[in-house]
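Naming follows writing order (A, B, C and D), and every chain is counted from residue 1.
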Amino acid sequence: MIAAILLLPFCGGLAAFCIPSDRFRPLLLPVCGLAHLVLTFFVIQGGQTAPLPMAGNWIVVDSFSRLILLIVSLLFCGCSFYAVGYLRYRIVWGNRIFVSCLLIFLAAMSLAAVARHLGLLWVAVEATTVASAPLIYYNRNRLSIEATWKYLILCSVGIALAMLGILFVAYAALAGGAQVSLQFDDILRGAANYSTPWLRAGFVFLLVGFGTKAGFAPLHTWKPDAYGEAPGVVGALLAGGLTSVAFLALLRTLQIMEAAGDGAMAREAFLAMGLVSLGFAAVFVIRQPDFKRLLAYSSVEHMGILAIGVAIGGVATFGAMLHLLNNALTKGVLFLAAGNIHRRFASKRVGEVQGAITLVPVSASLFLLGFLAITGSPPFAPFISEFTILRGIFTGGHYLTGGLFLFFLAVIFIGMGSTVLSVVFGTPPERKGDTNYRETIMTTGTPLVLLLIILILGIYLPEPVWSLVAEAAALLEVKP
Amino acid sequence: MTLLFAAFFLFILGALLAVIPGRTAARAATLLGSGSAILGCLFGLIAAGQGLIAEGAETFSLPWSMPGGAFSLRLDGLSAFFLLLLFIVGLAGALYGAEYMKGGRERRRPGLHWTWYNLLILSMTLVVTAANGLLFLFAWECMSLTSFFLVINEYDLTEAVEAGWTYLLATHLGAAFLFAFFLSAGALSGSLEFASFQVLSQLTAPVASGFFLLLLVGFGSKAGIFPFHVWLPDAHPAAPSHVSALMSGVMVKTAIYGLLRLSAFLPVGPAWWGSLLMAIGIIGALFGITMAALQRDIKRSLAYSTVENIGIILLALGFWMHSRVNGHPLAAAFALAGGLIHLLNHALFKSLLFLGAGSLMHGSGSRNLNRMGGLMRRMPVTGLLIVCGGLAISALPPFNGLIGEWFIYRALLESGTVLSGLAGFFPLVLIGLLALVGGMVLIVMTRIIGIALAGEPRSPEAAKAREAGWPMGSAMAALALLCLTGGLMPVFLLQVAGRAATLIDPSAATILAGTTMAPWWLGIMAILLLVCILAAYLFLRWRQGRTPVPASATWGCGFAFPSSRMSYSAESFTELPQSAMFCSCLQPSTEDGREIGFFPEARRFAFAAPDPMLTRVFKPFFRWAAEVCSGFRGLQAGQLHVYLLYIFSATILLLVWVGQR
Amino acid sequence: MLELLLHLFLLLGLSPLLPGVIGKTKALFAGRTGPPFLQSYYDIWKLFGKGLVISRTTTWVFRAGPVVGLAVPVLAALLVPFGAISAPLSFTGDLIFFVYLFGLARFFTASAAMDTGSSFEGMGAAREVTFSCLAEPTVFFSFIVLARLSGSLALDTMFGPALYTAWQSAGPSLILVVACLFVVVLVENCRIPFDDPNTHLELTMIHEVMVLDHSGPDFGMILYGAAMKLFVLGALVVRLVFPGSTGNLLLDTLLFAGGMLLLAVVIGLVESTMARLRLLRVPQLLVGTMLLSFFSLILLLR
Amino acid sequence: MDNYNPANMLLLLVILFNFFLLGSSRLNACIRTVAIQGGILSLLPLFLHGFSGHSLILAGGAFLLKGIAIPFLLLRAIRQVHIRREMEPLLGYVPTLLLGTLATAGAFIFSDRLPLIEIHRGSLFIPVGLATLATGFLMLITRRKAITQALGYLIFENGVFIFGMLLAEAMPLMVEAGVLLDLLVAVFVMGIVMHQINREFSTMNTDQLSSLRE
């Protein structure tokens, strides 16, 4: 089953490379997406943590994996349908590389989700970088090249640091006289008597390395460029899927530190990172003239929120796990809608994009609602998760943190709101109708469905989701 | 409670049904949306009535799959009181809107409008019945959002969107404080259930004061108390009239509800809480009514008068807190009663006036007083009802407005005539200022009626104005009738207020139950007044005789051809009070073309009275803050080398930090 | 019952006398014979007999003005003691009702004036509401002084026998109150120095200009109402000045009537000795009075 | 101790190459140097763990990639794009060299403080690894050309690789293979992007790449 989840998209990618026709190749995406989603549901239902027979016990599904798999698969399935509609407009560009890279990207993310071996995890995460670079480069203009280059270099360097961190962890085992292995269970078992300095150094490198990928400030610098230049669908996958995967790696790191009995220090580091990210996002969101970069900073903000939630622990952890899901889906809505608006106006500057509601009513409404959702207004799900995180913060007695949290959220609301409203409302500029884009169900259906999902999750949290999230949260609370 | 759920169901149903017909079948959408709203409000009214009659509270709890949340409702006197006015105004609004949404620019998508309207009523119902912190916040935010969407109903107008944004900003920032309150309260009491908030009554005075301030700012931004009122005068004109009625009649009051309900959990605070409320209240009242006198936009003027009335309510409640602490139970009871009664009355007559203003706009096609005029002849019913509303809001007998103010004055006098020294000083000053406010309300209302209804039409549209249809008329008539009833039988008002008071201040409630004479007297006097007027009228008829009254032109003091251009305009009516009373910071900005040279050429006279708080305080502050933020842009300068440097320096910093530990 | 009848009799019968007396006084000062004392009776009677003409612009509001203007003073009179004759109607807090009752009258007179659409009458309405708005706090402060002294919130008791003792205890502030109330009487009834009832330059008038368009019975009712208003408000001042009571109803009535006439004379005196204030000075004077009344309150508070 | 000598020799060579990289101004030379450095590093496992199958395969793979494939890619990249063969430093060669020296010295001093296990005491692995990391870092932030940044990244990777040597047994073969493969693909993609950069901007100078900013 798990093997299928990993192999399906991989083979799909290879197949996509071989299919000659630009017109039919995209249809491979929904097929693989749906199949992947179905398999994922089976895996989550099966709930088995049994290791994959052939690969030693390097590939195991635990609660984190289930959550992340669900997020990635759900998001990808949605985006795959969107991508078909999107590529129909970009048929002249050809899409061989695009489609196959998308599928391989999915494969890499799935692998990262189920990897039970630090080395393997590293390989998978680095693979996501490599696979997503061509996607960002899809538009083939100067700006997209620049974005791709920065993304590539920054993430590669960051990942190299993460590698160093892994080695340090291993060395900590060596120095601590424990059994040297990068298999995750071995680490958790032996972490108690690892040598502290090496472990801590390793933690720092891991934090920075995977943090670069997840996009904590000030390591986030690639984000606005990449999200801004990539097509909307890629932005959605990066902001929803990739960041979640990177955050999973960070969660693993935190697990190790917990197992080593050094959790407090790690959580402090997370807290600091989170607050800094919130601050950065707040500053850069104000008067942001480019609504895709705006979303990038909002993604930085939500990475910060997640970090804080995890750092606080207790109820907040549950909130963070839930927020992982909500954030991914909401980001999907926002990026896809923004992509449509961008297509329609052939611009993403506030001055040039106005009155979207009259030209692309559905996408504009989705953009507005998505903004309200991501800034934590009911009845959408992020409200619940953010509120839970806040509850954790206040219950933990971190009143100062809570105050800052609320303050930054308010600032970000102001910043995002003024940009979003001026995009959505007002009167469209004169030279409207110069792009060939028209709204179709293909391009508006996916964000609509995603919005419905977060709406439902915001009003009623079904038991399976609850238990999924709760189990994931439990992994951080109990030390093995 | 079951009736309440029926109402819930109906609202949701209406919200869903209204969108189905879509843009094509506007009529059907309106029918479905308003119909379900009306039905729901009727059910709700019965439920509220039961809640008012029944002793004690009716509670209902359902597990909710939200962490920390439970779907627990509580229907007691206080909730029922607010439900009452919510459903009355909601009902009238829905009836009114059923016709209002047919004409004018609102035609385009009534379906969506009705969805928001139903949802707004639903969320307000939840707000005043919620007994769980998370549920309350949930409903609160939904209320803000739905009303926001109602405000930007005409979203292709820039000022409408700006108004909506200002509103959303204010309410969202306020909500942040409410979050802080509920989270801290939950952290202290261990649960977000209101029932468990009882623990808060053991708080020490400083902490409790902190909580109180959180509440004050959080709810104040919604209630439009003085410094946070800036969204009100913009949002109300932007919204359709029945929505303005609902917002300014009820939604603003839900904030007062929250303040009362939640501060009831806190220990009885020090006297300065009350003094603070009183100060804010009287400042707001003076400011609001002054600005109201300066507006030429009728709905802006009414919105400012809402600010004034909220100020009066706040003053009353503050005085209640103050004298409760200082041991004047009688004054406290009367103040509380006055506040609550005035709150109820204001809901009635202010929505009546907003609906009336809507009809006038319908007729004359403009919100500008100077484009109306002479509408009393053309829209007699509306005119009559507006006059009723004007009498009520100016607290003139025989309408209900007087009752609330009478109790407030009474409370102030009770302590003002007994206490001596500084303690007695403040109530007496307040009486004087309140009287001043009352006089200015009279100016504002005579201005609106005199300029908009009386005289000659001031624009061709106004000359062609037609009377609105029966749904609008009946909605207004119902409200006007309620106003009159309240004036003639104040006992009802007092009893209702007493029921509401039982929860927040039992001792006051018992006192109020004891005071029977005063309301009867007020009622009798009102009836006597009507009798006198009737007698005088009959006398006049008798003297006038059967002969038909000959009509001729108005005596123009020798000038033969008086035209509407010559008659008093909205600005000139308040010119004297401006120059005589208003402090310079409130003076409107006039671009005056009146000085005439030897060869005078054409000149224009521009007049604008923007909100000084908004233009002189808030906007500059936000601009400054944005400047500060823009200062940090350099951090993201696009240089890859610098970005790499960030990564490495972050690593080094973290390593050092880890090494230190 | 007897009191009620007596009240109504005094009010309806005596009130038109006051304008006559005032007019006579002024005429004497001007060295003219002037109109007879009963002139206003004649006027009112004649007007009630006349037919009336109304403007095409107007509506029922225009007709409502005189009606309310007549009805309000009658009801208000029932709350006020005429000299030692206590008020037929009295309840705690009726002073608030009293004040707002006159607000009602003002509301309708102003609206009626606006209803004609004439700019002059609009001007008059604007001035009327503005000045009364400034006068209201004065009334309240003066009433509070009496309320404190008598310890009651009902006009009847406030102006009751307690005044007699109050004069010894709090003379100074009562003198101030008398002055303030007298100013209120002047401004509410549009006498000089605030308004000139018998100029014919519309721009300088307040009350007279508001009623330019009324004619016949309407105008008669207005005159009658104005006279009664003067009577009622004047009664307060008179009661303040002659707090005592002889115990004999007849004597009391005569005393009161004498007091009223004296008041009329004083008003006439003021009118004939003072000039009309410039319009923009009026608010200043009113604010000054307000502060004066407040000061009289301070005297009690310490 | 003594069975480390050949390894230590090689490591010293690595350091020398680091200095050369920082000092040299010729692009081809730098690429070749990186190739040689990679080749040398790929020999380390043999000296460290003897001629076990694991180490053989590892060494072979590393040699193939670091020593041959990647440099070939890079050389091809600059041959395709006819660019000037200088390094175009942001920071002059001499200052860079000084910094490099300081960093190396610092690495040696610092690595004596580290709580190493017995067998690694006094071995050059840690300091050289640190020094190489620092070199890569300097290359990354002080050179203008895109390709030099790629080089810097490679040197950085080399540094990591040296660390990896210390605990090859922790690193299963598959993972090592994956790491190297990823490295290869990454450089491959970088090569493509470099090509595009040159086509668009007709230079590989990354100063052009700063239009995305706030």
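Note that a contact is a pair of C-beta atoms (placed from the backbone, for glycine too) under 8 Å apart; a residue touches a chain by one contact, two chains touch by 3 or more.
Bear in mind the structure is a predicted one, so any value in this text is a computation, not a measurement.
Centroid distances built from C-alpha atoms place D farthest away from subunit C. Chains B-C form the pair joined by the most contacting C-beta pairs. The geometric centre of subunit A is 79 Å away from that of subunit C, both derived from CA atoms. Spacing of subunit C relative to subunit D, judged by their CA centroids, is 103 angstrom.
Centroid to centroid, with C-alpha atoms defining each point, subunit B and subunit C lie 36 Å apart.
Distance from the subunit A centre to the subunit B centre is 44 Å, each centre being the mean of its Cα atoms. Those residues of subunit D in touch with two or more other chains are numbered 140, 149, 206, 209-212, 214. Shown for subunit C are the residues in touch with two or more other chains, of which there are none. For subunit A, the set of residues that touch two or more other chains comprises 149-150, 153, 157, 224, 284.
Shown are all chain pairs that touch, namely A-B, A-D, B-C, B-D. Of all residues in subunit D, only 114-117, 133, 140, 146, 149, 153, 156-157, 160, 163-164, 166-167, 169-172, 174-175, 178-179, 181-182, 185-186, 189-190, 193, 196-197, 200-201, 206, 208-212, 214 touch subunit A in the complex they form. Residues 65-69, 134, 137-138, 141-142, 144-145, 152, 155-156, 158, 161, 165, 168-169, 172-173, 176, 179-180, 183-184, 186-187, 192, 622, 625-626, 629-630, 632-633, 635-636, 640, 643-644, 646-647, 650-651, 654-655, 657-658, 661 of subunit B are the ones that touch subunit A when the two sit in their complex. Listed in rising order, the residues of subunit B touching subunit D in the complex are 633-641, 644-645, 648. For subunit A in complex with subunit B, the residues that touch the partner chain are 149-150, 153-154, 157-158, 161, 200-201, 203-205, 207-208, 212, 218-219, 221-222, 224, 265, 269, 280, 282-284, 286-287, 315, 318-319, 322, 355, 357-358, 372, 377-379, 383-384, 387-388, 390-391, 393-395, 397, 399, 402-403, 406-407, 409-410, 413-414, 417-418, 421, 425-427, 460-463, 466.
Partner subunit D is touched in their complex by these residues of subunit A: 117, 119-120, 122-123, 126-127, 129-130, 133-134, 137, 140-143, 145-150, 152-153, 156-157, 160, 163-164, 167-168, 170-171, 173-175, 180-182, 195, 197-198, 224-225, 228-229, 284.
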